[in-house]
Amino acid sequence: MSMAAPSESSNAGLGLQQRRPHALGERFISILLMTAAALSVVTTFAIVLSLAGDTVAFFREVSVIEYLTGTLWTPLFSNPRFGIWPLITATFMTSAIAMLVAVPFGLAIAVYLSEFASLRARSLIKPLLEVLAGIPTVVYGYFALTAVTPFLRGFIPEIKSFNSLSAGLVMGVMIIPIVASLTEDAFNAVPRGLREGAYGLGAMRHEVALRVVFPAALSGVAAALLLALSRAVGETMIVALAAGQNPTFTLDPLVPVSTMTAYIVQVSLGDTPYGSIGYKTIFAVGATLFIITFAINFGSTLIVRRFRERYD
Amino acid sequence: MPVLINVTQKERETEPISEEMGVVDRANVVLETQRLSVFYGNFKAIHDVNLSFQKNKITALIGPSGCGKSTLLRALNRMNELVPSARAEGAVLYRGHNLYAPNVDPVEVRRRIGMVFQKPNPFPKSIYENIAFGLRINGWKGSKAEMDDIVERSLRRAALWDEVKDKLKQLGTSLSGGQQQRLCIARAIAVEPEVILMDEPCSALDPIATLKIEELMIELVKQYTIIIVTHNMQQAARVSDYTAMMMMRPDRSGEVIEFDTTETIFTKPKDKRTEDYVSGRFG
Amino acid sequence: MATSEIRRNFAPAEDMSFDAIQGSRRLKGMLLVAFSILALAVGVGMVLTLLIDVLVRGLPWLDWQFLTSFDSRFPERAGILAAMVGTALTIVITVIVSLPVGIMSAIYLEEYARDNWFTRLIEINIANLAAVPSIIYGLLGLAVFVRFFGLNRSILAGGLTLALLVLPIIIVVSREAIRSVPNGIRQAAYGIGATQWQTVWHQVLPVALPGILTGNILAASRAIGETAPLVTLGALTFIPFLPKDLLDRFTVLPIVIFNWSSKPQREFHDVAAAAIIVLLGILLLINLLAIVLRQRLRKQF
């Protein structure tokens, strides 16, 4: 590369060339920053590798078929059985109860915040939701176990001390702020013009909210709900405390069960030596949980992507 | 990475527009573009611009919105490179040295060719620090007293000293819009550039503040070379010595259609489109 | 449809009244608002009940002895000294590690990264990591820090695990803060010949700092409340001693709460309530600190 003009050779005289020390420093800094950012990729690899390692070891000893189809989970018994289904049904039962609470309530709050609330109301409610979201889950778990279950017993005498109902209900309240804030973002992404068009036709607020904004934000809402579901599926302390640690294959919300996360906690609390089958099971269950939540999150991302295309 | 095309001997024979017209004094040219084109991705924003800018003169760039005035201006001190998709072809010669040559550091370029932006953008620091910052980062080492001196001198030259001398510790962002813009000018001249690029420096200001900046430009040009983008025809006529008229070509890339002394451009332009534009019949 | 037909469905043109809209339409709107308020009331009401319940049960147990004793098999002698020390040390490690890495990642992504596959990979990654259940991080810590690096079930392993857990949050909030810095400031700095790092360090970061700090304090408070990853990592529930060094075994407040809550004796539930008061108090203080800091540092734009 060269210019016809008498430039390159002599521009040293003008001092336009790079000042070496600072150029080197800049280069060093940018590499350092990039390395820091790359650490997140390393983390993902580490997660996958650490789960995969012991999961593979687990499946050397246990048949995949039994794991995926069995309905008995007794890995620490003398006659161990490794059917994952009791953990899965428990996980989805507690999550489903939680979503039953969180979806209508969370959506209602989001609709209210984005379409009805005055600035003053917003500035009051938003921090309130943040407070709710900031309470550690172990505290919710304590509450479910020591207050909600005894309270429910007043209405349902046969409810057991550990049960999915109370865990699910409390988890639902815990997730309300997540649903509310994620779906509110989806509502806010609906272009103003759409609302104004409807108001211009003489629509009332709730009509705009339910017939214009909500349908337009539907995919965003779906994506948000999937993220909330994945939170529920991965939630640990509430279910470990309130739902119990008995891997029962049941859909009865009143009896003790064990979710995937509760099982991992149960094993971690005991003295399970490295390399034992019990130790390997928590990685196999962890890998299963990871795959399930990853699939849910991925579904959410897919929906978000399609959503974007629609407005561009 | 800016890509530089080889300007072969043959291509050099197509003389720059300015020389062809013989309006500038070759001996006093500070900055000159040669077949300068700028791309954003695949979109060519300006096409083959050949312009010369004279020392101690104000050159105005005019033309309808979107024709690439800002793009051209920002290519002159390589500010364009901050847009990831931007790429330049051709050359910008600063006293005969190609600013796009591979060993030229854009950071050095910008110190010599300073810039004032459309929206006043003082740093959210004290007035004093706004001016001192440029010196500090450029490795200036001197006593506090010397720095005070430079700050005062820069503010005086920007006709702001009397208004701020008692509140140098206040935030630069607390000034009025016109004062902020003069602070930005003071900040630019503190590092002693040779050329100052101004992109619609008065468009966010009221008429009185505008007048002040215009007076300031006429004062500053005794020491500096100024290139200004403006949509205000009267302003171009009032302050500039030379004017370049830009237009969009059918492929939406901008080119210079006429360059001459400001007087000629405004009184007897050669191009009909220029005449329409400066008389307000266009854009 | 003919115009006349459409018009027939509305009030006649000569009816110029702008009376309030029909009752049933209005009622639907009111029902919607009422349900929203009910939803809020349920959430807030439940948390209020929780707080009151915790206060009533825990306050009588909350005394100096409780704060300065180790755990015990007897509820009246149990205390949270080891747990508080454990929490403090763990969080310090978490912050020291995750803060610089998170802020540097954010700077890279906002100021340096070009739009290429590598950048997209990192961004997708961070989004995914933020949605990984926290207990999975516990398994990660167990496999990597405890076993692979041989740190055992130590404070260091716990702090590092939580650092990875909060890293995505820190990156996201720091990016937001950096992104909200007006572009004019960058342009101005470049325009007088600042290098990229000079621009970032002297102009962008100082403006973004309040946002970055607030966000990071909130991330730290998230780490303080985390239980599952540390349980999985193998932090002990019963620690009747203070850690000698960072490689010693440890427990934290949430784990102690978990442990006491899962005991059958009612008294232990009351002690758990007392520990919850302490934990929530700490979180409240930290959040207040964040708010004060934000107000103090906020620049006048």
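First chain written, first letter: the chains are A, B and C, and each begins at residue 1.
Heads up, the rule we're going with is that a residue touches a chain if its C-beta (ideal position, glycine included) is under 8 Å from a C-beta of that chain, and two chains touch if they have at least 3 such contacts.
Nothing here was measured: the structure is a model prediction, and the numbers come from that model.
J.: Which of line, ring, star, complete and other names the graph you get from chains that touch?
T.: complete
J.: Quick check: more C-beta contact pairs in A-B or B-C?
T.: Ranking A-B and B-C by C-beta contacts puts B-C first.
J.: Distance from the CA centroid of chain A to that of chain C, rounded to the nearest Å?
T.: A distance of 14 Å separates the two centres.
J.: Determine the centre-to-centre distance between chain A and chain B, using the mean Cα coordinates as centres, and give it in whole Å.
T.: Computed value for the inter-centroid distance: 51 Å.
J.: Using CA atom averages as chain centres, what separation in Å is found between chain B and chain C?
T.: Roughly 47 Å, centre to centre.
J.: Would you pick out the residues of chain A that each touch at least 2 other chains?
T.: 22
J.: Quick check: what residues of chain C touch more than one other chain, meaning two or more?
T.: Expected reply: 195.
J.: Would you give the residues of chain B that are in contact with at least 2 other chains, written as numbers and ranges?
T.: Within chain B, the residues that touch at least two other chains are 107-109, 112.
J.: Considering the complex alone, what residue numbers of chain C touch chain A?
T.: 21, 25-26, 28-29, 32-33, 35-40, 42-44, 46-47, 49-50, 53-54, 100-101, 104-105, 107-109, 112-113, 121-122, 125-129, 131-140, 142-144, 147, 164, 167-168, 171, 195-197, 218, 221-222, 224-228, 231-234, 237, 254, 257-258, 261-262, 269, 272-273, 276, 279-280, 283, 287
J.: Mind pulling up the chain B residues that touch chain A in the complex?
T.: The touching residues are 4, 6-9, 12, 34, 91, 93-99, 101-105, 107-109, 112.
J.: Within their complex, state which residues of chain C touch chain B.
T.: Touching chain B from chain C are residues 114-115, 182, 184-195, 198, 202-203, 206-207, 299-301.
J.: List the residues on chain A that touch chain B in their complex, please.
T.: 1-8, 10-11, 14-19, 22-23
J.: Show which residues of chain A lie in contact with chain C when the two form their complex.
T.: Going through chain A, the ones touching chain C are 22, 25-26, 29-30, 32-34, 36-41, 43-44, 46-47, 49-51, 53-54, 104-106, 108-109, 111-112, 116, 125, 128-129, 131-132, 134-143, 145-147, 170, 173, 176-177, 204-207, 209-210, 227, 230-231, 233-237, 240-241, 261, 264-265, 268-269, 274, 282-283, 286, 289-290, 293-294, 297, 301.
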